[in-house]
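Read the structure below first, then the notes.
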Amino acid sequence: MEQTLILIHCTDAVGLVSSIAHVLAGNELNITTMREYVDESTKRFFSRIVCSGKVVDAHALTDELRKVLPKGAQVSVNPRKKKSLAVLVTKEPHCLADILVRYFFNTLDAEISCVIGNYDTLRAFTERFNIPFHYVSHEGKSKEEFEKELHRLIYSYNPDYVVLAKFMRILSPIFVAHYQGKIINIHHSFLPAFMGANPYQQAYTRGVKIIGATAHFVTDDLDEGPIIAQDIKPVNHTYTAEVMRKAGKEIEKAVLVKALSLIIEDRVFVTGNKTVVFD
Amino acid sequence: MEQTLILIHCTDAVGLVSSIAHVLAGNELNITTMREYVDESTKRFFSRIVCSGKVVDAHALTDELRKVLPKGAQVSVNPRKKKSLAVLVTKEPHCLADILVRYFFNTLDAEISCVIGNYDTLRAFTERFNIPFHYVSHEGKSKEEFEKELHRLIYSYNPDYVVLAKFMRILSPIFVAHYQGKIINIHHSFLPAFMGANPYQQAYTRGVKIIGATAHFVTDDLDEGPIIAQDIKPVNHTYTAEVMRKAGKEIEKAVLVKALSLIIEDRVFVTGNKTVVFD
Amino acid sequence: MEQTLILIHCTDAVGLVSSIAHVLAGNELNITTMREYVDESTKRFFSRIVCSGKVVDAHALTDELRKVLPKGAQVSVNPRKKKSLAVLVTKEPHCLADILVRYFFNTLDAEISCVIGNYDTLRAFTERFNIPFHYVSHEGKSKEEFEKELHRLIYSYNPDYVVLAKFMRILSPIFVAHYQGKIINIHHSFLPAFMGANPYQQAYTRGVKIIGATAHFVTDDLDEGPIIAQDIKPVNHTYTAEVMRKAGKEIEKAVLVKALSLIIEDRVFVTGNKTVVFD
Amino acid sequence: MEQTLILIHCTDAVGLVSSIAHVLAGNELNITTMREYVDESTKRFFSRIVCSGKVVDAHALTDELRKVLPKGAQVSVNPRKKKSLAVLVTKEPHCLADILVRYFFNTLDAEISCVIGNYDTLRAFTERFNIPFHYVSHEGKSKEEFEKELHRLIYSYNPDYVVLAKFMRILSPIFVAHYQGKIINIHHSFLPAFMGANPYQQAYTRGVKIIGATAHFVTDDLDEGPIIAQDIKPVNHTYTAEVMRKAGKEIEKAVLVKALSLIIEDRVFVTGNKTVVFD
């Protein structure tokens, strides 16, 4: 028995589930798990369907489904399984280490194409896992030059996603445009609280009792892209900004890897500035 | 536009979703939310479907659905909306109070038929909410007599569910048999840890770092029925058994009311000794 | 054996604990629990000490302690045990109900002096608990007139704290000045995210995956006062602003009652715009 | 300014804090952080004190403190800072990997003396971090022989603690006796629920809605030693035993590393079958 994964995102309409289920039954596919969601405010329909049955011709099934769905429907049958990731880092190791260890033990079902650092700090660690590490310094370069170099390198690997694993440079809209909906960032605060630089210092100054982290897609607006996952940790008055920073790293890596898992299992749809997550 | 709620529980089979969706489309019903789950180990299929469309004849639709489903399928179309609850208590007020306040402000969508106490302690509080309170003492009676009296009283209200809101008497299998799958209990521990009496004393003695509570359906086996909801709270060495008990009450009432909400919104299926919860 | 509670807040200095402990031993007081904290950035010392021993003369002990402490030290020996609260509400019942039920069953160790509403909505519920309810409408009055009326009424009860239990009017600095450090508010978001009006609508629009609530002291700056307690709840794409609002109420009441418990047990010190909480 | 750490565990008595503080002041030590706890049921006193001031003669200060404390008091001044750990593993990498990565980046403040596996599976990974790996198979040996070999090896490293990082062999009382209070185990359930083998299968069968993990000291009674840390994760009906196992690994490694951090920072006291944790 083969498994078939189908992703559908389209305008809502009467009888969508029936139409889809009819096509699948006609292809001798049995629905094992079906998740669907209708956003009433935007009238969008989202579905993630897992079927068992015979091997399907993905192109033919996509066409067949499109015919019964509203115009402009996005249909994906058996999207590429093993996503490839380019991981961008600066100096902090915790997120990268978590990704590489999971990769090493096959608990993160993705390929790591390469690691790129704007410092050389994490080379030794990365190379222990036999992953190519590239050092692309931002120093002495214009933002444009730096990003061109970055882009050229990433482009050569053609990854499915670019992961900013504590990459501490702000990317320009031009760069972001190259990877629309494909850049995932971990922000070290519970967005939208403490946007911008030094969130733990901000959290300390404000005297919050909870800190958090946010994984989100990167858009032109810094820290404003669609949120994929968030988590938090209680803190108290004894936490200095430095201790918060340390405690925050645990949340950051957990949230980033959760977001990556959701994405590589094709559980995340983006709609407007939000995500629909079938977890 | 009317809303129609459909619950289906049957043996799994190929094309179930398609068959169901076909019947619904034929009745001009549009699926708004569909949750489904197949238990691979028992080959059982569960679905909770919300449709919008015209008003349906519940009996006719049930029959139509049964025809396309495997033999023995349980189908429920628009189950009674406002469930009625008989609440059994002893002396502790926290769970009862939470239920009555929510009832008073319409945030628990159920009728409270009556409150029955084996002590008279909670009468004054209950009557403040204009709910009948019955005092059925267990003292000087055999278990059989006590339960007969209890049963007669509950029977006269014919409630959809019997809620043990810190009712500290163990019910016999004979009593339980009258209300198969309709008695909900809150147990003051994270089951299956600390079954039986005095769980907080047990938790204190064991030196656990987390305490919890469990809402479950009552079966013949004490503390062994299908679990509906559980939650926990971290504790530390400064918690005496008494402080644990106090802290535990917060969890108990939250877990019980969560379980009740799930049940009265028809989100809970029982299968064997487990629950399928579409929350 | 009597219990003595001692609160100290002063400039840090060498040997403070030794000096304090020496005074206590000299008074035949045995330290049962001692919590202390030094804020290194502001060089402030905070301590909450529980002693057992003979009954003390609070004034004499306060004087004795002050003599060994840095100038300007705040010392409180056996602060008033049963704090009195004036509760201000608008229309939403959940926070008020939680407070009144706990008051009724003696699980919130405080007096409720009165409930004041700028609508009459919660009168019936409040009076069920034999608590005086006052209706002070803001309509047809200037903010100044409204607050004068409010102040006159509260003043007549002379409460230890004023609790804004979903009181939906912004209080002026003039009003706040009357109750410096004595007004506690529950804000329906995880501050500093979503300050101001309609936080759940803001949270919905932003597509966050976690919502929260914040209990804080009220200062001149709206939503900017010292935070006492915060908590959160995960949400997902299926939550409309309305469903978030409903889910949020559970957090709001839990956080407010947690903050009140901490305050009435004298566990909260305010320092600058932050709190030190010995929980 | 030097930091001095003092640990005290003794019978409770009147004036202990005063006596201790007096000795410290006499040594020109200023108390920065003092945590103390009195177990009322056993009349034991525990304290962890951090002082700043001049460098102390640890032996002299220990003696001085002992003189003012009840007979039999355990006093430790500046216990060895960098604890050394021998890590025992079987085949599962997640706990070991978490420990090694933290070790590599200096976020776990301990030495890893060696890793010992009863399978050779984790050699390659361990050696990447330049840590000696020893393969001690249990096959074809009596328990006694196996444990003798294990003991000889561990003994040669003389570690402060032996960490069972998913070591799947039950150790005999004889072995345990060699390392009284020095063996830390991670159990893959929320103890005391699901003791013994295959806890995730047990959890699946029972249909729990929360799974957990427990780090504890190992004593003669399997899974019954003093609990150091516990954490949990909500699950639902879609979790098979296998999926629970996978989800559980995240909790296991987090709980184990939390327990290790507490221990190597000298924050854990053992008393009877419980722990006092100053976190």
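As written, the chain order gives the labels A, B, C and D, with residue 1 at the start of each chain.
By definition in this document, a residue touches a chain if its C-beta (ideal position, glycine included) is under 8 Å from a C-beta of that chain, and two chains touch if they have at least 3 such contacts.
This is a predicted model, so every value here is computed, not measured.
Comparing the contact residues of chain B and chain D by number shows a mostly shared set, over half of all numbers used being common to the two copies. When the C-beta contacts at C-D and at A-D are tallied, the pair with the greater total is C-D. Centroid to centroid, with C-alpha atoms defining each point, chain A and chain D lie 36 Å apart. The distance from the centre of chain B to the centre of chain D, each centre being the mean of the chain's C-alpha atoms, comes to 40 Å.
The residues of chain C that reach two or more other chains are 37, listed in rising order. Arrangement of the chains shown, judged by which pairs touch: all-to-all, with no pair of chains left without contact. The part of chain B that touches chain C in the complex is made up of residues 93-94, 97-98, 101, 104-105, 107, 125, 128-129, 246, 249-250, 254. Listed in rising order, the residues of chain B touching chain D in the complex are 37, 39-41, 190-194, 206-210, 212, 226-232, 236-238, 240, 273-277, 279. Residues 14-22, 24-25, 28, 30-34, 36-38 of chain D are the ones that touch chain C when the two sit in their complex.
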